[in-house]
Structures are given as C-alpha cells and as structure tokens.
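Chains: A, B, C, D and E, in written order; residue numbering restarts at 1 for each.
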Amino acid sequence: MDSSPPEGDVMSGPLLEAVGVSIQFGGLKALSDFNLSIHKGDLQGLIGPNGAGKTTAFNVLTGVYQPTQGEVRVSGQRVNGWLPHQINHLGLARTFQNIRLFRALTALDNVKVACRGQGALHPEGVGLGAKVRGAVRNYQDWWRALLLTPGFQAEERELTQQAEHLLEVMGLTHRRNEEARNLPYGEQRRLEIARALGTRPKVLLLDEPAAGMNTREKADLMVLIRKIRDDFNLGILVIEHDMKLVMGICEKITVLDHGETIARGEPAEVRNDRKVIEAYLGDSYLESQGGAA
Amino acid sequence: EKKSQPAPSGDKAQGGQAAQPATAGGAPAETNTLLLGVVTSLSGTQATFGSSTRNGIDLALKEANAAGGVKGKKLEMRVYDNQGKPEEAAQATTRLITQDKALLILGDVASSNSLAMADKAQAAGVPMITHSSTNPSVTEKGDYIFRVCFIDPFQGFVMAKFARENLKIGQVAILQDNKSAYSIGLTEVFTRAFTEMGGKIPATESYSQGDTDFRAQLTTIKKTKPQAIYVPGYYNDVGLIARQARELGLTTPMLGGDGWDSEKLFELAGDALDGSYFSNHYSPGNSDPKVQKFIADYKAAYGGEPDAFAALSYDAAKVAIAALEKAKDVSGPSIRDAIAQTKDFPGVAGTITLDEKRNAVKSAAILKVAKGKTEFVTTVNP
Amino acid sequence: MSEAQVKVLGERREFPPLLTVDGVKVSYGAIQALKGVTLKVGKGEVVALIGANGAGKTSTLRAVSGMLKPVGGRITLSGEDTTGAKAHTLVPRGMAHAPEGRGIFPNLTVLENLELGAYLRDDADGIAADMEKSYGLFPKLRERRKQLAGTLSGGEQQMLAIARALLSRPKLLLLDEPSLGLAPQVTETIFRNLRDVNAAGVSILLVEQNAHLALNFAHYGYVLETGEVVMAGPGKALLESPEIRKAYLGE
Amino acid sequence: MQTVAAVSSGSGSSSGVPAPLRGILPVLVALPVLLALEWLLSDSPFAIYLLSIMGVNVILAVSLNIVNGMTGQFSIGHAGFMAVGAYIAGVTSLALKDVALSFLPVGVSDQVFLFVALLVGGSASALAGFLVGLPSLRLRGDYLAIVTLGFGEIIRVVVTNTEAFGRALGLSGIPQTSSMAMVGFWVFLVVLTARRIAGSSHGRSLWAIREDEVAAEAMGVNTTGYKVRAFVISSFFAGVAGGLFAHFVPIINPGSFTFVKSMEIVVMVVLGGLGSTTGAIVAAVFLTLLPEGLRSAFTTFGSGSNLAQQVDQIRMPVYGMLLVVLMLARPQGLFGTKEFWEVVPRWIPRRRKGM
Amino acid sequence: MSQLFQHLINGIATGTIYALVALGYTMVYGVLKLINFAHGDVMMVGVYMGYATALMLGRQAQSSPWGVLLIFLVAMGGCALMGFLIERFAYRPLREKPRLTALITAIGISFTLSYGFQLDIGFLPGSAPRAFPQIIKPVQWFTLGDPEFPDVVLWNWQVLSLLVAVVLMMGLQYLVYRTRFGRAMRAVSFDHRVAALMGIPTDRVISLTFMIGSALAAGAGLLYAIKDTSVSPLMGLYVGLKAFVAAVIGGIGNVPGAVVGALLLGLVEEFVVGYAASTWRDAVAFGFLILVLLVRPGGLFGRVAAEKV
C-alpha cells in the first residue's frame, strides 16, 4: 500500500476489522471464524476460558501469526501477509500477556523506541515502489542522524517530550531512568501500555492489563483505560479475566471458547448468557456478583 | 614529502636518506654490542623452522663472540616472533630497526614474511639477509636485501632434470601445498621444466598446510598410475602424505625440495619414504670437516640434527658477521656494500657467491631417503 | 535498618512451627528490596502475604526458597537454619516454589515439565497417582500433555506451574500469585483444591494480589510495604480492618 | 541504557555552538589535530606503525560493536569483511599506482587516491555485508554466528585461489600511502558514527532488537531492515579498516584474515563492554599494545640466554590467560553497556555525550 | 567406480572423526548454550596425554589390548578432569553473565592451550608435529583389485571408529532423552534457577556434562591421531571448527544431528577434494553449511524453539 492510510475520522468505517478469521496449530483449531470490528472510541472486551484463543486472536490481528482463513483489515487496508511493524504503522498497537519490555532499557527509552514524530510516520507497505521509497527515506533519516541536523535535534527533543508525557499519563515519571527489568510487575504492565501508546495507535489491544494488580490498582486502571480512550480518542480492545474490570468498562464484549465465538453483546447480556456461565464464569460467579452488586 | 613513505621499490637515494636517522643515528656508538635482529615464526604452522633458524644464528654468534667478537664488540641477537603473519613480521622488523637499533636483519623462511620485512628494511636502509626464502621477488625489493640460498626456479629445475635424466621417468604427478607460495612456485617451475624435457604431468592436486588427511588427493592421483609423485611441501605435511600414500597402496617414490629437510620427517613418515629423493641446500652426509664440525657443535648445543634451515641461517649469520668485520663503519650503506662483495664464502650449506641480483649462486644437493636417513646422491650445478 | 513496628490484629491460632523468617534483608545491587522481613508459617498453616506492587512479596518467597541469598537475617525450616542454602538442597526438605513468571520449561512438553516436578521422587506409582490428580485438577493439561509448554496459553502455563509444584509432595508450598491470568472459574477450583492439599497437612505461603480471595483462604496474613511487614493478623481480622479495605480492596 | 537517556537529554542541551554547525563541528576540531599528529610522528616509523595497527583495530572493534553490541546479533566473521576491503582497496590502488594529480603536491595526491581506494574497498565490503546480513533475517544467535564465520572462511579461500590477489604469497607492491592523518580520520569517523547512531532513534531501535525482537516488531520497528543496515554500516567500516591495513602492511595475504583474527575483534568488543563504544576503543588500544608491552617486558630480562630467545613465544599463551582473567575480573566488560564518561564520572564535560 | 568406493570410505572415515568431536560440542552446547571454542584444544591435550602414555608403555605394551585401553583411559580421564577444572574456574563464575563473556574465556583458554603447547619448555611438546604410534595395528579388512596394488582399501580402524561413533551416539541419545539425568540436563539448559527449584543440583549436572563432553573429545582425538598418524598443537583448532560446523548442520544441541551432519560434511569435503579442486574444500564445506541453514534455519534436525507470544 503506497498512499498513507486514510484518517479514522474521515471514514466512518471500522479502524480494525476481522472477517471470518481462523488459525490452526497442527491439529488444534485455536481460532475459528472470528469476527470483530472496532471503531474509533470503542471500548470492547474479549473474554473466555484459558486457552480459548484470545491471545491468539491478538497475534493474528497484529500479524504475529498469519490466519489460515479469513481477512484482517486495519483502517480499511487488508493486511494479511503484512509484517507486524507494517501493521503497527497503520495504527494498531498492543501489549503482551507475558510482559515483553526492553528489559535493559530505561523506562523512558522503552517508550521512545515506540515514539515517532508526526512527520516520521511512514508505513512502508508492500510492493516494490513503496519499499524503495521507504528505503530512501530511511537512509535520509540515517544521514540526518549522522549529521545531527537541527531538524533531527528538534525531532529528538520532541520524541523525548512525547515519551515523558506518556510516562506521566501512566504515572511512571518517577521511574524515568530505571531499567525496565527492575520495575515491579504492576508498573511493568503500565509501562507496556505507555510504550504501545507511543506508536500513536488508532486501536489499542490490551492483553490482561490488570493481571498482577491488586483490587485497588485495578480500580485505578479502569479509570486510566477510560481516560486513555478519551484523551487519545482511539478504539480499545481488552482481554481480561477480572470480570469487575471487564464488565465495568467495556461497552461490548466478545466471548471465546475453544476458538469459537460463543457470545457477543452488552455486559449485562453476556453476564447472564447461559453458555458463557457454563463455559467461563461458573455459577458461583452469579452469586458473588449478586452478593457484591 | 615526509608524509608518504618511499614506495616499496623505493630508489636507493630515498632509502639511504631515511636510513640516516634510523641506523647511523649514533645508536651503536653508545652500546658496546652490535645487535643483529632476527624475525621468524616461533609460533604457528612453521614454528619448527623458526627454532632451527634461531639456533643456527645463535650458534654462529656464539662462535664469533668466542673469537673475540667484531670490531672489538660483542655480537648480540634479538629474536622476534612473527606468528607467520606479514603484518607481525613488518611490525617486528620496524621495531628492531627503530627501537632496538638493530644493524642488520635476518630471516625469514616463509617468503611472504620475508617480503614484508624486506620492504621495511629497504625503506629504512638497513641491510637484510634472508637465509631460506627461495621466492625470487624477495631480493627484488631493493639493494639492501640479500639471500644466501638458491631460488625456487633453480630448485624446481634441478628436481625435474634429476627425475628425467637420472631416474629416467616420464610420468610425475604433483601434490602441492596451496597455502604456501613456495610450494606453488616449485610446482610451476617443475611442471614447465619437466614437460619441456618431454615428461608428462598426469595430475596436479593440492592440499592446505596443516591438513592431516590427504587420502582424497592421493586416491585421485593413484588412478593416474604415475611413476613418481612430486611433493614440494614442508616436512610436517610430507611425512603424513607419505604414510597415507603407502596405506592406499601408492608405492611409487616421491620427489621433493628443501622443505623436506628435517629429522622429524622420518619420525613422521616412518619407512614410508624409503626410495624417495629431494633437493636440498646441503647434505649432512657431506664429509667436509667444516660441515661435520657444525653438525657436532649444533647437536651439542641444541640436541638433534641440524636441518637445512639451521645450516642456512648459520651461513647467513656468518656472512653478516664477515660483512660487519669488513665494513668501514656500521652504517647501513657500508654494511650493505660489504655484504654485496661476498664471494666464494665457505658456508656449511655450500659456497656462497652473491650475484648482482643479490642472490646466492649455489649448487643443489640431491638426497635419497633410505631407512630413515638421507644419502647423498649427487650435486647439480646451476 | 530497625524493624518498623508491626500492627498486629487479633489472635493467632497455634500451629507447630515450620518456617521462621527473621529480619531477612534482600537487595538487588543498589536496590534494597527487603529491609528486614519477619514472619512465621506453622505446620499445616496457610499464610497469605499481601502488599502493593514492589512491596517485596516475590523477593520474600525467593529468599525463602533459596533462589536468592539474603544479605541479612535468618531463615529456619523445621528447626534447621537454611539461610542462604542452595535451592536444590531445600527441595528434599519439603520446599516447593511456583515462582513469579511461572518458570515453566518452554522447550519441554507438558508431561516432561510435570516429571521434573517429581525429579527427586522415585515411587513410580506414587508419581503416576499424583499425575492423575493434577490432570483431574486441570483437565486442560491432560489435553495438552504432549504439547511444548512454551506454546501453552498464559493460563495453561499457570496451571502447569502449580501442578508441577504439587508433584514434589512438599511440606511447604510457596505460591506466587497463583490466580494470575486464570479464569475466575479456574481460580475457584484451584483454591478449592488447595484447601484439600492443606487439609492433607501441607503448609502454604501464598502471595496474592486478590487480597479478598487470599485473606479469606488464609489462616493468617501479613501485609508488606516497601520491604517491611507493617501489619499482621488472622485473615478474617485483616479483611475487617479499614486500612486493608481501603488500601487493597479499593473500598 | 543510560547512554541513550543521556544522549537524548544531552543532544538538546545548549552549547555555545550554533545548531547547524554542531553536526560537523567535531570534524572541524579533529582535522588540525590529526595533521599536527602526522607532522609530529613523521620520523618515528615504529610509532606510526603501531598507531596505525591500533587505529585499524579500533575501527574494527567499534564497527563490530554496532552489530554485536547494539543490535545483539552475533557476528564472528568480521575479518572476512576486513579482507574484502583490504584486497579491493589494494587492487584499486595498484591500478591507480601511476596516476597522480599533477596540480597537487605528491603527498596530498597520494592521500586523495588512498581515500578513493578506501571508499571503493569499504563499499565492496558493505555490499558483502548486505549479502551476509540477508540470512540474518532468518537465522538467530549462534546460527547466524556460524554463518558469518563461514563467510569469512569462504572469502579467504576465494582470495587464496585468485591470481589477481596474489594467492597464498599475498598481494604486495600496494603503495604504502597510509598516513596517521588518514587512519586517525577514519577512526574518528567510525566513533562519531557509532555515537550518533546510539544517540538517535536508530540506535534505540537497534537496542530494542537486541532486547526483544517480537516486541520491537510490534512497536513498529522494522527489525529485518535495521539488522541488515547494521550489518552494512559495520562491514563498510571493516572494509575501510582493511583498506588502511593494506596501505601500511607491505604485503597482505590470507593468513592475516583468519577466524582467529575475527575472534580477536570479538574479544575487543566484549572486553570493552557490549554496546559501549568507548569501551571498544579502550579494549582495542589495550589489546594492541599488550603484545608489544609483553615484548618489551620480556626483552628486558637478559638476552642471550635460551629463555630470553624463546620469550617471544610465551606472549600468546600469556595473552590467552589474560583474556580469561580479565573476563572473570570484569564480566560486564570494562564499561558494561555504559560509556567512558558515565563510568569515569564528572571530569568529562557533559556536552561530549552529544558527539 | 572403484575410486568412488574409496572416496566414500575416506569421506565416512573423516566424517566419523568430526562426529565424535561434534558429539562433545553438542552436549556442552546443549546444557550451557555455550560455544565451547576450547573443545578442540581440550581434545588436542587429550591426544598428547595418550601420546605420552603410549611412549611410557613402549612399543610392545602400547599396542596390546590392555595398553590401548590404558591409553584411552588416561586420555579420557585426564580430559574429564581438565573439563571439570575449566568449567569450574573459567565458566561457572560467568554463568549469570551474558553468554558472550563465557565465549571469550573459552577463546582465552583455547589460545592458552594451543599456543602453550607450541612452546618447547618443560613438559610442553613444542610446535613440531609428532608421529602418533600405531597403537591399533592397521589391518586391511577389505580390498578390491589385486592385493599388491589394491584399488579400494578398507581399514580396521575406519570400521572401528565408525562403530564407536554410532554406539556413543545411541548412548548419548539415551542418556539425554531417556534418563532422569538427561531430563535434568535439558531443564538446566533452559533455566538453571528454576531447575534448582525442582531439586536438580545444577552445578553437578553441568560439571558432569562438561566432563563427559571432554572425555568424548579425548577419545575422538585419539581415534583422529590413529587415523592421521600424527599429533600437533594446532590439530584441535581445525578439527574443532569443523566439528562445530558439523554440529550446526545437524542442529546444534541435537545428538543424532551431530553425527549425521558430521558424516555429510566429511563426504562433501572428500568429494570436493576428490573430484573438484581441493583448494575449494573449506569454501564448499561452509557453503554447504549456509545452504542447509537457509533451508532449515535450525539445522537438519534442530527445531527452532517455538516461542509463544
């Protein structure tokens, strides 16, 4: 794809769309006929028992795995066969279930790696022409870096500010110069979100962001996620096993089991869906909710 | 002008000038010893030649010092290892010349190292004598570079002549060491000479220094049913080649060059080489008293038979000492001129006369291997 | 560094002593993670360890199981001093640790991982029986028996880690956030089964973010803050206390 | 990676120099210094030779550090690239031997041609780097390592069998036009390049790749592209180093570019601290001087005795043991992943980081 | 035709040696993920130990069954001890550190050994190669063509070493994949900290692996010396490198892979030398390696560790 992607708000269509996506690992069908569409400002949830295929879904959407069937579209562009970084350039960013930070880099650098100046966003796309152009631009970039051109320095400064801002949003300013590997678990998760935001995504995929946080921190996180959605106005898709969180913030929830989509809808519907309760929530959940609510 | 060093082929004038600061810089005056620099490979595949070289020179110096030294001063040598690498050789030579203020450089066996050394010596205007670099190009480096052994073309020719005329054979396969210029050089000359004399070369195979398995090449050679195999390599490979050839049922005699010469050869080859011939600078069997004395002294000092490299380095040192004696002073140019005049110098490895190309004009000995010893067969004159 | 005064609520039920951790200090290079932690676990007791991120819960477990050497303090396991003992020497003495980050062997199959859990045992049929038990506990693992553990889903890996720890037939079981990444249903099953495990006489030292769950489950609980124990008391008592409700239950 | 944090914060920092100039400022500063050096040393050939070797090693170490240290790829075939540069540059110079720019003084015109030859050699090597870099798209860790090693060996075989390269004897007669100024200039250039890459988003991307390729991809880093580029840049400078080498060593032959040489370069990088440019420099200088140092040390015990003569052999085993000891003493390398001025505090002006 | 046979025999014989050395390489790599560059040099030292023993035994004893056994025992035992010491003092202190650091110490040790043995000071042998005594009397087990000037020769030691290699391979395979110790090895190789939590004495496992690997190296070295009838300080460098290549071709860390890779490499080299120019042998060998890796990035039998994102 050569022309840079059309802006989300210009077009009314979904920013992220999966149509009949399936993937197979050897004999195991980890995801089958998966459909999803996320628009700007959406805040959706993806839940299901362990091994249902949630993370796999993320991997297919972000290009880590190639779907064996179906089609993935990011802001209208078909991205089957694209590399993860190309898809990311189209505006799709994610966090990882088992944290994958750049462990030896400082928190700030972790974010800066992802950050890109407005100008510098150039999806290389596929096709020769685009590749060549991309390469040329790249080499220009190298030269600007080597010659330390004023423009380059300005950009560096901008990146730093951008990154610092994101750290602030995530409440990590005090860890600015600490190596990522030395941060406690919960903060590492927040840092991953900050990093993902650095790539200026239109859609953000969060894989169990609340894992390893205590109830209090989860409560804060809920607020934070909403805030991100509004401030950066993007679409968000959350995988989470904490029902309080999912039910609390998601407007729409998709439920997977053994790769199949067994339910989709408002929290209220899903919560009371027989199949979902059997496969995932468990009866006791109802009581506990009843008790809590 | 100062910036760029004189080109390797550097004209004498420049070399001479550059020499002034380097050698005649009064350094020798201060000390009451005359320093000879030696660069050779003390580690790496050719290290054994290095130690022979060192011993030969050491012996010559000991004798000279015992005899009261030169110009009333004691002779001293400093040996540096070049690990068989040109850049190390160049570095060591430069150090010897500029830091240690050596008057004269001796070495090395491998021609590529000698070439590197020659370049530096020539540039600095310090005379250098190589005792056994048989590649012609070495002395072509300039007027400060000398050699006390015959050169590859001659040696290759000698063996071809011997094979054709004395042994009367017409089919000789060749197994050359692809990693040594020496071996490649001999191969070229031998092939040319031998075919000119009407012989045939059914196969030319090659190996790489340090290999230990030559069966593949030998299997191929064997197919061509040659009457002899010319193996112009170094003894440490030749020994194994011989064994494995016999093991594969190749019983034809082998022919070789001075690279063969080492007592270790027979330890490695066992009886596999019996009936083979090689060309050499000298023959231990030579009854000449001066040779026998050398051999005796060498054995006494270092144990073990001296090989050609020991003998040649001994001669080289002797020539150098004689030149130092003759030279009016110890500046580079005068030593150079003194060496250049060397004529009919009685070396243990043959009489040395330097021609205008600064190469020794010498006869070669053909030796036959029998029961782990060498027998003198004949000498071939240029 | 002096012990911060610990606020103790309520009465502790008596258990015969098993593990005592006395003023243990741990540091990673410059960072001091534990500034002197003191706690006890009795035979057959379930003790919960709660605290904010970076409080030092994981570090405490690591120190106890010998994964890292304390720079100060003393640890004893059933009377013997085990301070700074190598991890593998503690396993025979009944220590089992399901570490943070699960620590499964990704290039080994699920089965091989479980077998490694029983590395020091050689009662073949005993092992077989326990395998069956853990499969009963986590049916998913049976399905995936032959799969490389590295390709399991997050939750499946968590199940594997717990099952593996149980396979060594421990006297003392250290669990670092067992519910991490598990579906609510599975979490319940696990805790139900841990109840049985404990009933069979196994002591459990549990680190858990879900304070509600943990304190309900545990006989006794400690609250860790920035490397020090600041509060202790029976699980229920802690659940009652306003501080806890505010700080960890977000109410 | 404090480096980067420091750099990015440093680069913005106000320094007297006007921004447009700052890019080339170091060059302007360096040139006169180099010329002065040239003039000072001009009649001590040994110092020149030693410094040249040192310079070449520094270039090799710093350039390899871009691949091994920053990108976390594992290349042990650097000598191969060096060989490519050495032979191509050498052949070029031989071809240009008799031409001269009449309007320039001899010395200068020599340098011009040398520079051209170096560029040619460097480019050839960069091309080779590109080709070797391609497999790195598929291979990881030690598999990539062995491929690079294999490449180096293949180069050597090719040279050994090519008449134009002088085969086993080697290529001699290359005009020995290398000069302190030229060596110094390239040393300086490679360091500058490395530092500035480190200080840019490119450097961060390389580090990201080293830390976690999957995550880097997901964060929009074109990992394959960056890996190949790292290889290209690194091998370009290796080629230049080779080119310089060929212009002060009278004869170059395959024996000088064995995988042992590659190993020596890797040693320099690791010893200096993976990712630390200044570390690589210090290590390279140290390891180059070490053998000569041992030589001086040994020759001081009385010569003449048999041991004194054998002494030169003892250098290499000693060198080997020193490696072990040094690594045990400082496993993270001299400076870890940090830079000189972050380890040796204060007294280096902070601005220097921007360089 | 007969020539082809001979080349096949030679190739397999060479490959066998590579295989034996490669097995040790692969084992050490398997558990430590460390390219033990000193492996070849350990082998070399082992051979010198055997050499010394043989000389002490003298002509008769050295070729008697007991003599041969003793020679092998001394060499392998000596190397096992050496391997233990090297691991204990040069590698273990660096276990928590980046892998490259251990690689450097490996290189350091390699230099120390290979250059150290070139000295002719004290007990050190000096750089000259020595003829290795024929402790196994070479016997032609099979010849083709007239017995005087046979076209094809098959020697007893060729068959012998191939058998040894295959048996060892099966033994190791069993050890690594069927025994508790093997499981421990593989656990340690992934994460020794967690392995310790399983009650695995990591240090002992690693030491033992190293000792086995080094002993194998010694054994391989002796067969190598018997085959090529010589021993020299530099023999390890070259064979070590080739064995490593072989191990990688087969998929480093994989036991049968090492053997298959080695035999393939041996044959490729033999045929290049036999039918093409020997000067291109190494180039072709490495070209072959690269080709294999491009087609199968994990080597022939190796699997690239499945990584769950």
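Please note the rule applied: a residue touches a chain if its C-beta (ideal position, glycine included) is under 8 Å from a C-beta of that chain, and two chains touch if they have at least 3 such contacts.
None of the values given here were measured: they were computed from a predicted structure.
Moving only to chains each one touches, count the minimum steps from subunit A until you reach subunit B.
2
Through how few touching steps can subunit B be joined to subunit C?
Contact-graph shortest path, subunit B to subunit C, evaluates to 2.
On the document's contact criterion, could you list the chains that touch subunit B and likewise touch subunit E?
Both-contact set = D.
Where the centre means the average of the CA atoms, what chain is farthest from subunit D?
The most remote chain is C.
How many angstrom lie between the centres of subunit C and subunit E, each centre taken as the mean Cα position?
Those two chain centres are 45 Å apart.
Give, as an integer number of Å, the spacing between the C-alpha centres of subunit E and subunit A.
Roughly 49 Å, centre to centre.
Measure off the straight-line distance from the CA centroid of subunit C to the CA centroid of subunit D, and report it in whole Å.
Averaging C-alpha atoms per chain gives centres 51 Å apart.
Centroid of subunit A to centroid of subunit D, CA atoms only: how many Å?
For subunit A versus subunit D, the centre distance works out to 41 Å.
Of all residues in subunit C, which are in touch with two or more distinct other chains?
151-153 - these are the residues of subunit C that touch more than one other chain.
Which positions in subunit A touch two or more other chains at once?
55, 64, 96, 100
Among the residues of subunit B, pick out those that touch two or more other chains and give their numbers.
Residues 43, 47, 178 of subunit B touch two or more partner chains.
Examine which chains touch each other and state the graph shape they make (line, ring, star, complete, other).
other
Using the touch rule from the top of the page, what pairs of chains touch, sorted by label?
After working through each pair, the chains in contact turn out to be A-C, A-D, A-E, B-D, B-E, C-E, D-E.
Where on subunit E does subunit B make contact in their complex?
Its residues touching subunit B are 3, 6-7, 10-11, 13-14, 115, 118, 120, 126-131, 138, 148-150, 153, 155, 224, 227-230, 232, 234-235, 238, 269-270, 273-275, 277-279, 281-282.
Where on subunit E is subunit D touching in the complex?
29, 35, 37, 90, 93-94, 97-98, 100-101, 103-105, 107-113, 115-116, 118-121, 237, 241, 244-245, 248, 252, 277, 279-280, 282-283, 286-287, 289-290, 293-294, 297-299, 304, 307, 309
For the complex, give me every residue of subunit E touching subunit C.
180, 183-184, 186-187, 190-191, 193-202, 305-308
How about subunit B: which of its residues touch subunit D in the complex?
1-5, 7-9, 21-22, 42-43, 47, 54, 58, 76-81, 83-87, 90-91, 94-95, 97-100, 111-112, 115-116, 118-120, 123-124, 135, 137, 178-181, 184
Which subunit B residues qualify as touching subunit E in the complex?
Touching subunit E: residues 43-45, 47-48, 51, 178, 205-208, 210, 212-213, 215-217, 219-220, 223, 236, 239-240, 243-244, 247-249, 251, 262, 264, 267-270 of subunit B.
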